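Each in structure tokens, the structures are laid out below.
Shared between the two complexes below is chain A, which pairs with chain B and chain C, respectively.
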Partner chain A sequence: MITKDKQNTLIWLGLAISAIVPFLFPNHITLLTYIWVMIILALTWDMLGGQTGYTSFGNILFLGVGMYVSAVVQRDMFSSGLDRFERVSEIVVNLNASEYFISLAVGTLSGAIVAVLLAVILGSGILGMRGHYFAICTLGLGHAAAEIASGIDYIGAGSGMVTPLYPRELLIGKEAFYYYAFLLVAVATFFLFRKIYQSQFGLALNAIRDNENKAESMGIHTTQYKIAGWSISAFFLAIAGAGIGNVIGFIDPVEIAFSGPTFGVWMIIMAILGGKGTIWGPVLGAVILYSAKETFWTYLLGWDKVALGLLILIVVVYFPKGILGYFKDRKQLNNSILSQKGEG
Partner chain B sequence: MDLLNVKSVDKSYGGVIANHDVSLTVPKGKIVGIIGPNGSGKTTLFNSIVGHHPIDSGEIHFNGKEISSLTIPKIARLGMLRTFQQTHIYDKMTCVQNMQISSDIDSNWKRIFNPFSKEVDEMADELLAFVGLYKKRFLLAGDLSFGQQKLLEFAMALMKKPTILLLDEPTAGVNPTLINGLIDRLRQVNEEKGITLLVIEHNMRVIMNLAEHIYCLANGTMLADGKPDEIQNDQRVIDAYLGN
Partner chain C sequence: MITYIKILIDSPEFLAQLIINGLLVGAIFALIAYGLALIWGVMDIINFAQGEMVIFGGYITYTLFYQFGIHPILTIPIVAVLLFVFGLFIYKTVIYRLLGEKDIFITILATFGLAILMQQLMQAIFGPDIVTANPELGMQFLFDGALIISNIQLVSFIIAVFVAIVLFVVMKYSRLGQTIRATSQNPRAARILGINIDRVYANTFAINAALCGIGGSLVVMIWAIHPFIGLVYTFRSFFIVILAGLGNFMGIIFTGMGISAFENVTGFIIGAEFQAAVIFCLLVIILITRSIRARKKRQYIQ
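The block that comes next holds the complex of A and B.
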């Protein structure tokens, strides 16, 4: 078994490599950025989906909300407001360096706060529902949000909107900036979530997963814990959303912001693939799924989706608890054999 | 002083009358038993008391406070806990984790993101040793035998330091040797920790030994109550069990 010290050494080594990778592969920075994005998506989904056992299909809502709120703040903070005869989707705002970064920071934070408020409001309504009923209820969230966003002219309606251009002539280019920004957010998310899962709060989430009736009868206010967990997820997911909007440079309600078939499904598959309910599972799943997706796309174009589907099928059939779940079970089996021999 | 006071409680599911005009009192510090044939409404009564479902009419007082409209977690926090007929444990967590999460976690919100304190860990170890599960403490609770899970559930309830414990058939499915140990521990908990017990039990030997006062339910109504030997010789109770 890997001890905690060794694990930390490995983490620092991994981070050191990640920090210099952009210099080694300058042409693939955006691709590498997306690995960090995927890690954040999988980690945040797993808070409720894995640790609490509440499968949510609606987390994409918080991603899109973060994206839109941030983009609007970035657009309107330093410019004179909308010309009502202009087409919103064609507005491109030019900001100087300090304006750009200040509006980005304020926008990201506002997006995160709005997402948390949404999680609390929606959560108090639907997190009282148990298991499958909750899952079904969340199916509509992303769709509804996309429909609503498509009807609001202020954010470009169905044609979407453009995020401000990255200021020119800076020491650090756009790709590198967002690579390091996402690296930072992903690492912060990872360490914070790890601390949460080792705390009393984390064990309460696990208790809800294993037996919610028991948790309630022992005096745990289960709905409050679920809402708190979902809000923490929403916070980091919205930050990721704000970043993604700026990396792509264009936000569209159906294809990008509230895109269920891509980000929405990926975050679930990645967490399950790596092993839901573990801290390393979503990280591993994100790296494997995204690498596989890009590799298949490069070498098996046309058949890439089939290959990806096959990979998911193999994992679900042979490793139903995910890659890490499989090893965790084996470790637990060893423990029980040991204790039966009287050595435990 | 009466710790728990149930006054003419009615509960029906659609047309099925599960409890009709049921009253009982549990004095502080005593062990009280509830017996009755299968389907006589014992577990329904437990569910009504702990707030699992609203009652149709009647009153339930705990420590002088009306609790029949409170939710399960609120009643649990007042110091009334129950165990289940079928074991309810957190099966994918280890025994120690089961014990830790049963401690009073959210009384202090500031500490909620901290790990469990040393006192909690020590108390968990002590109580696991008390019920004889110390050696199995790092096993998943779901891998324990049914009888061991019942013991774990009992220990988990003790973690909360309850004033009253409602036990739904604590010895069902537990092997005969373990039953004797369990009776001793129930008595010990009652005497040393001063925890009042309200016990549903089918095993007559157990309940006659344990309880100081016994209520007998039949067909949803209170048939008789009295000291163990009175109940044992009550013709109505014998008839109810033999099906007359």
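The block that comes next holds the complex of A and C.
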């Protein structure tokens, strides 16, 4: 058993290593950045999917909304008036350093706020449903958002838009900046979520998972708790989305922002692979899946996405509890065997 | 948008055209939706891979047509048999292992994974291009050319109705249909009375797959398909089933045709590119209103 103190020491050690990793592998900073992105995605999905047991297929919506709102704010904040004759997807905004960071901060924050509002509005409708209907309702969220975004000219319609260029002649490069930014957000998400799960709020979420009717009859307003949980997820997802848009440098509705087959599926599979309903499970799943994907999936050529689909099926059918769940079960089994022996 | 509405008001024959086209192809959607309602009602499973099975059936027709030169309409029985076997296979490998699962989200996730796997497999095997297998049957001009109906739509409507009648008879009078209905009413009692529930479930799932396959063959003859368009068909079948209710055979057929006609008209008014988004948004709105209505009675929809 790892004690709390040891666990904290391990966390700090891990963080110290993460902080110096960019200096060790300067050519792979973007890859390393994505590991933090994936951790955020998996953690936020687990808030509803793991802690309350509501498998949401539509969380990708908030990622895309954060991405788009932030990109629009970054584009329009300091460059007054769009030239209407220009094609939106080709507008590249050049900002100086202070403008860039101010617009990035304001954009990220407004993206997060819009996502939270959306989560509250949609959630008060959708989260009142249970079971099959909830799954159906969330399944199409990302898809519908992508189609709507493809029809709006202001955000570049189907051909997408370009995020502002990172200002040159800075002490810290683009890759390193976003690496540390995502590191910070991921760590903040982790500690906040851990705090939440330990609090009464977390207990209420788990009560919903275990038996929603009983939770309700004990006086827990289950729908409100679910909405609150979803909003917190949406907040961090939108922040991650704003960052991803800037890392890639280009946003497009189907392939990047509301991309079901990549981010949308990854966040689910990572959380389940690691062990849903735990705080370390999503982190573990994100690190394992993403490093596995980057190291050997490229050798599968065109079949890597097939492998992803197969992986989902295998994990869900054979290991629905994930890696941490497996070890937990085994430990319980061992304990029960030990206690039986003790009695005998 | 308003100009398009005006066009419809000014030329009612055009509106009639849209509605008739919708009604004809709606029978196909009704078939697919009936398959979904069947497994939902009997096994309490919703299949997110419904649309992918449709597309898979379409690709089989396409391959048989272009590689082996079989006329697309003649491929339908082959597709039905192949998809039936495919359904049995999926049941044995995936669904069978999840039947006792208390957490319904596990089964949903499994079919979701299946949908992704099928999308990617189809892309890897058949390529990402848009394909069609149009048998070129020509057009039917009615009322001096005021109404144009393509023969393939007419033929597919007849085929869909034929399949529906066969299905109706099978469900009502055959031993298989009786066992399926008995299992859906009370699985435990059915088992006590000597019905092999496992086989009933396998057959139900396979029938659903075969229906999807037939639907897919008709879809690839009328329109075009690509590996990632399955989700639209999944939504449509959810929409039809949710509006009509489970186990309501005639209801599903009429709702399917009605929705298809409605879809054609709205697709014309606000643009075909939003069609899938419209179906989905409508679905969500209907479910939310139902949910709110249920909440007033201190209930919830499940």
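In the analysis below, the second predicted complex is superposed on the first by the 308 of 344 C-alpha atoms of A that agree within 3 Å, B and C clash if a C-alpha of one lies under 4 Å from a C-alpha of the other, contacts with A are read in each partner's own complex, and residues count from 1 in each chain.
Note that contacts are C-beta pairs under 8 Å (C-beta built on N, C-alpha and C of every residue); 3 or more make two chains touch, one makes a residue touch a chain.
Quick caveat: nothing in here was measured; it's all calculated off a predicted structure.
J.: Which partner chains sit in contact with A:220 here, chain B, chain C, both or neither? Use first/second/both/neither.
T.: Touch partner of A:220: chain B, not chain C.
J.: Please work out whether A:299 is in contact with chain B alone, chain C alone, both, or neither, and reply first, second, both or neither.
T.: In the superposed model, A:299 contacts neither chain B nor chain C.
J.: As a test of reading the superposition: which chain, chain B or chain C, is in touch with more residues of chain A?
T.: C
J.: Which partner chains sit in contact with A:55 here, chain B, chain C, both or neither? Use first/second/both/neither.
T.: Once the two structures are laid over each other on A, A:55 reaches chain C alone.
J.: Under the stated touch criterion, which partner chain does A:191 make contact with: chain B (first), chain C (second), both, or neither?
T.: Neither partner.
J.: Check whether A:154 is in contact with chain B, with chain C, with both or with neither, and answer first, second, both or neither.
T.: neither
J.: Examine A:316 and indicate which partner it touches, taking first as chain B and second as chain C; both and neither are also allowed.
T.: second
J.: Where on chain A do the contacts from chain B and from chain C line up?
T.: none
J.: Could you please specify the touching residues of chain C with respect to chain A in the complex?
T.: 40, 46, 48, 94, 97-98, 101, 103-106, 108-110, 112-114, 116-121, 123-124, 231, 234-235, 238, 242, 271, 273-274, 276-277, 280-281, 283-284, 287-288, 291-292, 295, 300-302
J.: What does chain A use to touch chain C in their complex?
T.: For chain A paired with chain C, touching residues are 53-55, 57, 125-126, 128-133, 135-137, 139-140, 143-144, 147-148, 150-151, 261, 265, 268, 272, 302-303, 305-306, 308-310, 312-313, 315-318, 320.
J.: Which of the residues in chain A end up touching chain B in this complex?
T.: Against chain B, the touching part of chain A is residues 195-196, 198-201, 203-204, 206-207, 209-211, 213-222, 332, 335-336, 339, 342, 344.
J.: Quick check on the complex: what are the chain B residues that touch chain A?
T.: Residue list for chain B touching chain A: 50, 72-73, 76-77, 81-82, 84, 88-93, 97, 100-102, 104-106, 111-116, 135-136, 138-140, 143, 156-157, 160.
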